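A, B, C and D are the chain letters, set down in written order, and residue numbers restart from 1 in every chain.
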Amino acid sequence: MSKIVGIGGSLRSESSSYQALVLAIARVQALGVSAEILDLRQMNLPFCDGTSDYPDYPDVIRLRETVQEADGLILATPEYHGGASGVLKNALDLMSFDQLSGKVTGLISVLGGQSNSNALNELRLVMRWVHAWVIPEQIAIAQAWKAFGEDGKLLDEKLSQRLDKFAESLVENTQRLRGLG
Amino acid sequence: MSKIVGIGGSLRSESSSYQALVLAIARVQALGVSAEILDLRQMNLPFCDGTSDYPDYPDVIRLRETVQEADGLILATPEYHGGASGVLKNALDLMSFDQLSGKVTGLISVLGGQSNSNALNELRLVMRWVHAWVIPEQIAIAQAWKAFGEDGKLLDEKLSQRLDKFAESLVENTQRLRGLG
Amino acid sequence: MSKIVGIGGSLRSESSSYQALVLAIARVQALGVSAEILDLRQMNLPFCDGTSDYPDYPDVIRLRETVQEADGLILATPEYHGGASGVLKNALDLMSFDQLSGKVTGLISVLGGQSNSNALNELRLVMRWVHAWVIPEQIAIAQAWKAFGEDGKLLDEKLSQRLDKFAESLVENTQRLRGLG
Amino acid sequence: MSKIVGIGGSLRSESSSYQALVLAIARVQALGVSAEILDLRQMNLPFCDGTSDYPDYPDVIRLRETVQEADGLILATPEYHGGASGVLKNALDLMSFDQLSGKVTGLISVLGGQSNSNALNELRLVMRWVHAWVIPEQIAIAQAWKAFGEDGKLLDEKLSQRLDKFAESLVENTQRLRGLG
């Protein structure tokens, strides 16, 4: 059985990217796959200083172990200045090929304004660099402030269906690529 | 008179990107331009949480004010996982159009392995997004562990000349674009 | 006096990117700058085969000479498969640093679907590679089939204003960067 | 059984990217997989004009049919101006989701100068856009003029091993992703 881990790249208390990540993880679980979220707001991580050990930060070990045991990943980021958040990139910087290589990854970005693929493109190239797979399906949620209903679901039915397909592709192709089929 | 500010994206104690930044800033100063470095290792910055005020972190104000007063910028980053460091991106995330728009920017990346433009490309698109200028000249220093001599200078004469031209272009075009000529 | 040349990357008979280019060039001219369009539909260009001479294609020389004499460029492309058109890239491949280096460039993309920066990002990095300048302002025209009125003008007032600013920035910064101010 | 099709993006008579493609296809075949090359120098393709039919160019149909029947693709391009060749992009422009979606793709670039990932990054994003898969392994052959021996093989042993792994990954993951395992 495959296992999927989601990482949210925002530290906002009311984070739309976290909301999108919760929806995606729920859909993955509805497909019978074990999944969990690493909520960076609940973790105490240092800035990466290029060294490998952070004895004062046990959450670095928790981050690494949880990702290492995963088969698939969902990275959800707010788009800040046309890129992934520094917070998310720093969490990736704290890991290495050991944790990330070969993992099957789905990407979500959440934007205040119009839709765009900049942060998604950046993360696709970064994850490629560590020899992870990135699925072709990807989600950009524009104008995030009006994208979610009071129940936390996406108001745009088409986008909601795309999120369904995204989760299905991630689950199916994680099993294929990880030889778990 | 124009003013140029350098920001180094590494927190390593022996940072090659900081070393490269020091060389670049020295060349800018040799051209008669006022320049200073914001050493992120000496600053206490928070992770960006999407809010605008960080009352517990006076260095956020120092970062913003110093960049806001600058005409030109040099961003120097280690390439981590084929991207700019999360540390540097987070520092940019803590700023906005107010500080960054219209600034004339030169980009430097430092890599452990072979030369590559990935982090430079990423930063070029991010700085464009905040409506900064990025000069065409850019510096990628490959195999950084053997790039510098004991005197801190670049051993590769050709690369050293490229750094000269980089500094000249930054100084000259900052004056032109900022109407200071 | 500076001179600006526009190149359209579409061979469609009813090309929206050509339409956008016509509008942009008209605004440049309204600012008192000499400007002309190279309409690739009216030119007979070969596929680039890596050689430098194409004796059977006098339009290669016309392309090169016209661009070489320009101070600024506008590149307008349809976004095909999330990239610039092969037609436009091939025209750029037929030129070299001699024609392109140092030119001040504005980028326009036209899309059938939602707005996106992919083709613009690609062209920004390509033009950087030949040491051209690319202005921070850029234009992406989404859902091009409903973007233009019968008079050929943009229906979206905000987008129309952005095109004004784009032309102003191109004209002003071409003069600054080319030392023509 | 899966089938893999290689497309070379150069029209040079002595094309290094074609040479690299021949090596890659030979390794794919050595793994027992059916493979063929579409040599664009031997095909008569038009510039894409945004229409779908090119009755005067039967090779458009041959291109589309051959790619449509493939499970996997290898795209080999010279890096021109920090991007894929216009020739290759134009060939991709002549196809659509029908031919390209879901295909498992490996990317090769060949450069005159230092190694770089620009053309590879561009093609990765373009192939993603048409919902193809791109394997994490990719090949950039720097200083192509001295990369190959008289027997047509790569002189750099390490690079040659990387090409082996590239072919293995393409074959193995094409079978997995296409459900042919």
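List of remarks:
In the analysis below, contacts are C-beta pairs under 8 Å (C-beta built on N, C-alpha and C of every residue); 3 or more make two chains touch, one makes a residue touch a chain.
Note that the structure is a prediction, hence the values are computed from the model and not measured.
The chain with its CA mean position farthest from that of chain B is D.
Both chain A and chain D derive from one sequence, and where they touch, over half of the residue numbers involved are common to the two copies. Each chain gets one centre point, the mean of its Cα atoms, and the points for chain A and chain C are 36 Å apart. Centre-to-centre spacing of chain B and chain C amounts to 30 Å, using the average Cα coordinate of each chain. For chain A, residues that reach two or more other chains under the stated contact definition are 82, 117-118, 121, 125, 128.
Residues 82, 114-118, 121 of chain D are the ones touching chain B in the complex. On the side of chain B, the complex with chain A involves touching residues 10-13, 15, 47-51, 78, 80-93, 100, 118, 122, 125-126, 128-130. If you check the complex, the residues on chain A that touch chain D are 117, 121, 124-125, 128, 131-138, 173, 176-177, 179, 181.
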